[in-house]
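You will see subunit A twice below: alongside subunit B first, and alongside subunit C after that.
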Partner chain A sequence: MADTTSPRASSSVTRTPTSLTQGSTTKGGIGESTLRPDGILKVTGEFAYSSDLWHEDMLWGYTLRSTVAHAEIRSIDTSEALATSGVYAVLTYDDLPTEVKNYGLEIQDTPVLAHGKVRHHGEPVALVAADHPETARRAAAKIRIEYADLPVVTDEASATAPDAILVHEGRDDHHSGHVPHPNIVHRQPIVRGDADAAAARADVVVRGEYVFGMQDQAFLGPESGLAVPGEDGGVDLYVATQWLHSDLRQIAPVLGLPEKKVRMTLSGVGGAFGGREDLSMQIHACLLALRTGKPVKIVYNRFESFFGHVHRHPAKLWYEHGATRDGKLTHVKCRIVLDGGAYASASPAVVGNAASLSIGPYVVEDVAIEALALYTNNPPCGAMRGFGAVQACFAYEAQMDKVAAELGLDPVEFRQRNAMEQGTVMPTGQPVDSPAPVAELLRRVKSRPLPPERQWEVAGGAADVRALPGGLSNTTHGEGVVRGVGYAVGIKNVGFSEGFDDYSTARVRMEVINGEAVATVHTAMAEVGQGGVTVHAQIARTELGVTQVTIHPADTQVGSAGSTSASRQTYMTGGAVRNTCEAVREKVLEIGRRKFGTYHPAWATAELLLEGGKVVTDGGEALAGIAEVLEDEAVDLELEFRHRPTQAFDLRTGQGNGHVQYSFAAHRAVVEVDTELGLVKVVELACAQDVGKALNPLSVVGQIQGGTTQGLGVAVMEEIVVDPVTAKVRNPSFTDYLIPTILDTPTIPVDVLELADEHAPYGLRGIGEAPTLSSTPAVLAAIRNATGLELNKTPIRPEHLTGS
Partner chain B sequence: MEFLRPASWEEALAAKAEHPSAVPIAGGTDVMVEINFDHRRPEHLLDLNRIAELQEWEVAGDTVRLGASVPYTKIMEHLRAELPGLALASHTVASPQIRNRGGVGGNLGTASPAGDAHPALLAGGGEVEAVSVRGTRLIPIDDFYKGVKRNALEPDELIRAVHLKKATGPQQFSKVGTRNAMVIAVCAFGLALHPDARTVRTGIGSAAPTPIRATTAEEFLAAALDEAGLWESRGVLPPAVARQFADLVSGAANPIDDVRGTASYRRHALGVMARRTLGWTWEQYRGTEQDELDDRSKPCA
Partner chain C sequence: MRVTFTVNGAPQEADDVWEGESLLYVLRERMGLPGSKNACEQGECGSCTVRLDGVPVCSCLVAAGQVQGREVVTVEGLAGEGGELSTVQQAFVDAGAVQCGFCTPGLLVAADELLERNPEPSDGDIREALSGNLCRCTGYEKILDAVRLAAARTEEAV
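Take a look at the complex of A and B:
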C-alpha cells in the first residue's frame, strides 16, 4: 500500500485535565484502552450472532412481502400454502389476535401485516411457519395475492399535489394537526432574527440546491431472532435490536400480552447504525410461536434485509447563505425536504434534528429554516447514524465553500471566522453551554502534513494501481489523475431531544466470591458493536475499585437503557452505571462504617474511596478490604439516570432548549480523481474530534474511523436506487449496493480532543455520529477541488464527473 | 434437489448425458448465489469438485490448456507470463475468497456480459473444449457467446478446458467499477497485440448483450500499424491513431442504461480504456516499460 500509516500510530489525544479521584489507580478503569471481550470472537468468526440461534424443535418463519409499491389487496388465498406438508401456520392480517394491529416508534402507523393495502415495495403481507426454511419459502410462494395497483407518490411534487393520493387516510396522530398536507409527516420551521433584513446587508449571496441519496445502514448481521413460547402463555424472544424496551412496548399490545410476559433477551448483534430501532421480525416470530406452540426462528437474507429495515432519508435541500466582504455570515435561509417513505418511523425526530442543526456549527443571528418529511410510497426511512444532521451538513458545507470562493477567502479561514464557540446561541435560541472547539478542530486537520504527491508511484516510477482511482481494476497508471483537498466540519446533538424523557437504568451488584469482591453490571443496553460492555466494566472498576466485573446479558428483567443510538449510550447507560456504582459504593462504605467505624477515626472523618479491592482514605491509607466489609452481604441496587431535561421546539418558531449536548468533528479529505473516467480514490481522510473524555481511547478512535468510512461510502458509492415510476427498489443486494472495501478505505489519522463537558458523566461527549457528518462533505469538497465541478448530489457517480 | 458427485470425468459426462438439465457446480460462486436468491432450483446439481484434472493446466508449445476449474488465484500466480491479459482480468474478479474458488469454466458457464474473463479471452483468442459422451469439440471463443447469459454448449456438454494461445505480445485488461475492488464491471476492455500475426484483438465486457470484439477497431489499428511500418520500427504511436481506435471501440459497444451506469458513460469509458490500454501495450511493445508492466500485474494480498 502507498500509505500504511497505522491508524493508531497516527492518532493523538490532547487532554484537558479531568478531575478524577475515585478510580485513578484501579487497573482497567476508564481512560484505558482495555480490549473488548467480543473482539477476537468476531474477527475469528466464533461470535454467536442472532442468526446462529437454535432450538431443538424450532420452526422457521418466512415473511411474504409485497412485490408492488402501492396497491389495494383484493384478496389473499392461503389455502394451498396451508396444505403444504411441513407447514404449521400461515398468518395474515385477519389472524392478528387483538385490536392493536399497528406499531411504530412514535406514530403507530405501521401494520404488523398489510391490511387491504400495501404502501411500499417489500411490505410484509403474510407469514409462514414450517419445519424447514425452504418449505416455508415455497409455501409462501403459493400464497395468492390479488393486487389492484394504485398510483404512487414518490417526491414532494407528487405527494403534495392538490389531488395527490393520500398514503395514510384519516390521520389523527399528533402531527396531523399542524402539517400543511396529509402527506407531510411533520414540518418544523425555525425563525430567528430577520433573515430578509439581514440579506440586505450581505455583500454576497450564494444559493444552492442539493440532493442526498438514500443510504442503507448495511449492517452485516441481517435481522434475525428466535421466539420461544412459554408455559405461562407468554413468550421469550431472543433478538438483535437497538432498544429492547422500545421493542417490548410495541410488541406486547399486538400479542395481547402484558409486558412482563414478553421476556426479551439481546442476542448477538451484527451492527445496527439506526436500522434496528424499528421492529422487523420481532412481532412476526412471536405471533408464529404463539400460534404453533413451537419455537420459531426468522432470519432475513441480504435481499430481504434491504426491505426489512428503514434507510437514511434521501433529501432535497435548498440553501441561501449571505456574507459580508469581511467574511462574516449575515444570514441563512434553507428548506430541507426529507423523504420519509411509506411509514413514519423516526421521521418526526429526524425533521427536528435536520431543522435545528441545519446551519451547522456557525454563528448566524438571522435565519429562516424549514424542514419537513414526506409520506411517499418509497421505502420507509428512519434512523441512521447522523439522523438528519448528515443531510444538512452535506449541503451547508458545500455552501460554505461556495461563499468562501465568492469572497476569495480560504475555505478553512472563512469557516473559522464564523465558527461557533461555547456561549454561541443556536437558531433554536439554545445557548451552547460546553466547549465547542470548532475553529480548533479545523486548525488541527488543516495543519497536518499532506500525503505526498503522486503517492501511487513506487520505486522505478511504476504505479501501484491499488493507490490509484480504479484500484485493481487497472484503469489508470496516473493518466488523468488530479488531486483535490477539501474540508468540512459538523455539529450533531447527543441523546434524545425535544423534551423526550430520556433515561437509562443500571443494576449493580457487589458481593464477595471466593474471597474477592466482584461487581455485576446488569443493564438492558444493546451492545451493537459500539463497545458499551467494555466501557461498563471500566466504569465499574473505576467506581468500585474491583478487578472482576461481570456484565450480565442485556434483557428486559432490568429497566430500560434507552436506545443504542443518538451517540447516547456511553453518556446515558454509562452514566447510569456510574450513578448506580456511586450508590453501591456509599452502601459499602455504610456497611464498613457500621462494622469498623469504631476502630479508626478516618471512617468518620476522611473522604473514602474504593481502590484496589480496599477501602482507602483520600490520603491513601487502607482501612479494610472490601471483602472484609461485605463478607456474605451483597449490595444490589437498580437506579435510573437522566440527562438534563430538554424542551420541545415551538411549532411555529422552532425556539426551545431542545438538545442535551453537541458533538463536533472536522475532516480534511485528500482525493485523487481520474477526471477522464470519473473514478475516485480517497487517499486520506483526517479527522479531529472533541470527545470530552475518552473512556476507552481505542474504541473512540474505532468509532471515529468507522463513522468516517460510512460518510465516505455515501460520498462515492452507497445509494439505494428507487425507480421513480414504480417506487420499487432496484439494487437490493451487495452486488449493486456498494459499501467501501478496505481498499476504498483511506488512511484515517485521528486527532482526539478532550475538553470536558461539565454537565456530562466524566465530562464525556457522545461520539458515534459526528464523524459521519463531516466526512461526506469533505470528500465532496475535495472532488470539487480536483475537478472544478459543482457536484450537488451525493453519492457522486462516474458519469457526474465525466459529464457523459 | 439431487446432488450428483461424479468421481471421474467420464462419470461426470455420463451423468450430464443422463440428466441434461443438471446444473454443474464448480466453484459455486455463481450457482450458489442463484440458488440462495431462489433464481434457480435445479433438480440436479452436478458437482465437479472431485474431478482433479479440471483443476490442472498444461503449457505445451504455443498454447495453454487451462482446466475449467482452475481458480483465478492460480491463474494470477502461475500464468502471468503466458496469459497476461487473463491474469490481469483474474485479479479484478471479486475478492481473494472468490478468486480462490471461481474460475474461467464457471465464468463461461454463466456467460454473463459482465464476466471479467471474457474480454481477456476474446482479446487473447482461444477455444473452449466442450465434451460430452458423444465426443469433443473445440468452440472458437468468438462463437461461444450466444446471448445474455447464453452460450454455445449443448445440454449434455461440459467444459473440460479452454485452449489459449500463449501471449506473443503485450496484453492489457481494464475494468470500470464504482468501487476500487470487489465490483461487477460497469464496463471492461481487454486488448492483446499479436505481433507474430500482425493483428490486434479486443474484448468488450458489460456493454452489449454478450461479450464482444470491436472488430472494426481491431482492423483499423492493425492496418494503421502496418501502413506506418510500426510493427517493425516500434515507433511512437501517432495520437490520432490512438484516438480513432478509441472512438471505434466505443462505437462497437451497444450498451444500455442500468443501475450500474448509463449507456453514454459506458461508451465514453470504453474509449478512455481503449486509448490507455493501447498506450500501455504499445509502450511495452516498444520495450520501454517491460519491468513496470510486470510489477503491475503482480498479485497482491
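Take a look at the complex of A and C:
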C-alpha cells in the first residue's frame, strides 16, 4: 500500500513491523476460530516487538528518576554526566524546546521532565543518550540532584486536611471548579430515588468497609521504542502503545512539530492492559533523537517499568445495603475513594465508571453514591483492565454475600432475585437496552459439576504437592486443608463514555493480484495481543468474499482508531472495518453493474453479496468473478465509524445516558486453604460470560481466561506496596511483586453465551474486561466460605488467614 | 572482550563485549537474535529462556563470558532448516496459546525441553516445567492445551 511516499527513515531501520498476509483454507470469516496472522512470526521469534528495534548507529536513552516522592529540586548538575565518554546528550527541563512542557490524557498536568519539584517516587528528572545502555545508566548516576523534602500526602485524611500541602498548586482544569478540595481530581455523586426513605423499609441493613490494593498491569513487553530523526526535521517513532493518535496529540506540541512530522508506527506490543494508555518513553526518545540527530532507542527494565506506567487505583470503599426479608434489595449507599496518585492520568473517567457501576448488575431503585479520586504523592494511577468497575465489584459482591447470609438465603439465589435484566434502569437513569442475562450467567456457573475433592491424592496414599496450597514448597500433604466455594457477577461498560466523541477509522483496499481478488485493511488499531488483527481479517473475508487479506502495520498515516482499551476495539475498529468493507462492496457492485449490468437482470434487482471471490445474489446465483469486475481497478476507501452518542453525567445527580454498552460475566471459584499456614490454592475458576457474538471463539475464550487470571492475581498475591510514611514503592520487581504462574492458575472452564446486542456490529459485546471484575470477589468469597473469616481487603495474604 | 560460542548450530562471535553484558544482551543486540525476550532482566519471568548445553537457563542471568565455547539454542533454532515449524511451535499457534506472544519464545524453549525429556507429561508435569515462565495474557489454559497437543502429535508421529 501507498505509505512509501512519506519521508520515512524506515529503510535503514531493521526489525520494523511488517504487513501480515494470511490466506485461509476455509471461509475464514467471522464466527470461525481462525488463527492469528501474526502467530507464526511470534513462535519463530521473528515478530518485531518495540524492544527489538535496531538501527545501525542508534544510541540508547536512559531516564533518571526521582529517588524521593515529594521534594523541591534545588539544583541539578549534569556536567560530570555530560563529560562521560560515549555520552551524546543529557537533557533536563531547561532543554525542553517549546512552551508546552506537560502532557496528559485529559488534564495536562504531567511534566515531561520534572520542573522545580517532584511529586512522586520515580518521576523522570533527566535523560541521557549514550552509545551503550550501561554507559547511559552510569552517566545518569553522575547527575547530581539536590532535593529538599516536602511533606507527603498519601490518603484521604492527609490529602484533604484543611492545611494539606497541595499536590498541584494553582490548578486550573475543567474539574477544579466542582471538587470540594484541590487534592481531589474529580468527584461524581449519583442520587436516584430516596435511599434514606428506602432504608426505613429494610429488614436487614449490612455495612462494610473494603480496601483494594494497588495492582500493576505487569504486561511482559517493557516500555520501549525507537525514535529516528527525519531529514525534514521531523521524527519517525516506532513504539508500543494502546492509541497512536492520542500519543501523537500529546507528543507533537512538546517537540514543537506539526503532527504530520511525527510519524508513528506501532511496533510489536507485549501486552498492555491499560498500562500503555499514558505516555512513557515516547517524548523522551524523540527529544534525544532530535537533539543528537541520531536514532535513539529506549527500553525500560522491569524495575523502571514499575515506575514507568500508571497502576490500578487502590481504593477504600464504604457500602450500605438494605434488603427486605423476602430477599429484595431496598437501597444501596456507597462511597468510593480512589487514590489517583500524583498526576491525573485517567482518574476522572475511572471515577465516572466507579460511580455509575458501583451497585453492580442489580435492580436498586434508591441509591446514594459518591466516588472520587485523590491527588496524593503516591504513584500515579490510571487505566487498568476493568477501569474503576473492578474495585466496586470486589466490594458490592462481598456485600451481596453478607446480606444473603443475614437473610439466610443462598448467595446465588439472592443475587438472582435482584439481578438486572434488559430494561432495568441504571442508577444513572440509563435503561439497559440490550440483553443482560445476569441470572442466567450465575445459573450456568452454579450448575457446573464441582471439581472432585482431594485431587492431590495419588495412588498409594501419597500426595501430589503441586495440587496443594503451598505447591512445590511442600508445606502440606492435605492436613489442615479446607475447601470453599464462592460466586460473583459483575457489570462493565464497553467503550468510552460520558459524551466522548468516540470513533474509529478503517481504510480498506480491494484489488486483483495474480488473478485473485484480495483485500488490504489499514487501521491505526494497536494490536496489543488481544487479536484485533485476526478479527479484522475475518471481517474483511466475510464482507468482501475474499480469502487473502493483508493487515497493514498500524500507523498514523491513517485516521485514529481510538484506544485499545475499554473492551472497545472489536466493537469500534471491528465496526469501522465492517463499515468500510460495506462501502467498498458497494463500489465493487457499482463497477460490476456498469460492466455487466446489461447481461443479467439480477444486477439491478437482487440483493448482491461478495462470496467466494464472486458476486452472488442472495439466492446464491453467481453473476461474475470479483476479479473480472475489478480487472486492474482498485477500490480504496477510508471511513470513520461511530457508536451511538452518550451523555455526560450530571455533576450533582449523576444522571445521564453515559455508557455505550454493558458487558456481564460471572465466576464460581473453588479454593482450598491451608488454614495453618494461610496458603490458598485456587482449584477451579469457572466463568460464564455473554459476548453477544463471538467473532473468534478461540480468542474470546483466551481473553476470558486471561482476564480471569488477572482477577485471581489481585485476589491472592498482587499488590504494589507503597510505604505510608515516605510514599516510596517497596517492591518494584517480579521478585517482590508476584503475578500468577502456571502453578498458581487453576483450570478455567468457560461458558460463552451469545445474546446479540442489536445496536452493535454483528451483535457483539466488548469482552476483554468483564471477566477481570468478578474473578476477584469470587475467589474472596470462596476463601471466606472455606475459613469463615470476614476478609475485607485484597490481596489476601497468609497473615490475614492465620491471624498472626 | 571477544566471546565465541555456538548458537543454533552455527559458530558466532561477538567483539567488544563488556564484562557485565548478559548472554541475553549479546544475543539480542550483538548477534541479531532478538527472539529471546527481555521482560524482566531479573531472572524471574523466563521470557529469555534458552538452552545452554541442552539445559534451559535464563539468559539474562548468564554472563556472556561464561558461554565461551559452549552451545546455545534459542527460539530461532527451533524451526526446521526449511523454516517449517517444530511440533511445539505449530501446537502453540494452533491451540491459541499466543496472544501478545512476549512469553512465547521462552515457553517454547522450556516446553521443547520438557517434551524431549518427558514425551508424555501429565498436567502436573507441564505446570511444573513451565512454572518459571510468566504469561500475563492467556491464563495459561491454552498453553497447557498446546503442550498436550504437541505431546499427542509427537506420539502419533512415532
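Just so we're on the same page, the second predicted complex is superposed on the first by the 771 of 804 C-alpha atoms of A that agree within 3 Å, B and C clash if a C-alpha of one lies under 4 Å from a C-alpha of the other, contacts with A are read in each partner's own complex, and residues count from 1 in each chain.
Simple rule for what comes next: a residue touches a chain if its C-beta (ideal position, glycine included) is under 8 Å from a C-beta of that chain, and two chains touch if they have at least 3 such contacts.
What you see is a predicted model; the values in this text were computed from it and never measured.
Of the two partner chains placed by the overlay, subunit B and subunit C both lie in contact with A:Thr735. Number of subunit A residues touched is higher for C, counting subunit B against subunit C.
Shared-chain residue A:Val721: touches subunit B; no touch with subunit C. Once the two complexes are laid over each other on the shared chain, residue contacts for A:Phe500 go to neither subunit B nor subunit C.
Shared-chain residue A:Asn301: touches subunit B and subunit C both.
Of the two partner chains placed around the shared chain by superposition, neither subunit B nor subunit C is touched by A:Trp318. Legend: residue contacts after superposition of the two complexes on their common chain; A:Leu743 is shown touching both subunit B and subunit C. With both structures placed on the common chain, the touch criterion links A:Phe596 to neither subunit B nor subunit C.
Legend: residue contacts after superposition of the two complexes on their common chain; A:Tyr93 is shown touching neither subunit B nor subunit C. Residue contacts after overlaying the shared chain place A:Glu676 against subunit B, while subunit C stays out of touching range. Residues 301, 303, 466, 472, 733, 735, 741-743 of subunit A lie at the contact with subunit B in one complex and at the contact with subunit C in the other.
Those residues of subunit B whose C-beta lies close enough to touch subunit A in the complex are 36-38, 88, 91-92, 95, 172-186, 259-262, 264-265, 267-269, 272-273, 276, 279-280, 291-292, 295-296, 300. On the side of subunit C, the complex with subunit A involves touching residues 18, 20-21, 28-29, 32-42, 44-45, 47, 74-76, 78-79, 83, 85, 89-90, 92-94, 96, 98-105, 108, 124, 126-128, 130-144. By the touch criterion given at the top, residues 137, 301, 303, 458, 460-463, 465-466, 469-477, 479-480, 676-679, 681, 716-717, 721, 730-731, 733, 735-736, 738, 740-744, 797-799, 802, 804 of subunit A touch subunit B in their complex.
Of all residues in subunit A, those touching subunit C in their complex are 14-15, 33, 35-36, 38-40, 42-49, 51-52, 54, 132, 134, 217-222, 268-271, 273, 299, 301-303, 464, 466-467, 472, 528-531, 698-699, 701-702, 705-710, 733-735, 739, 741-743, 745, 747-748.
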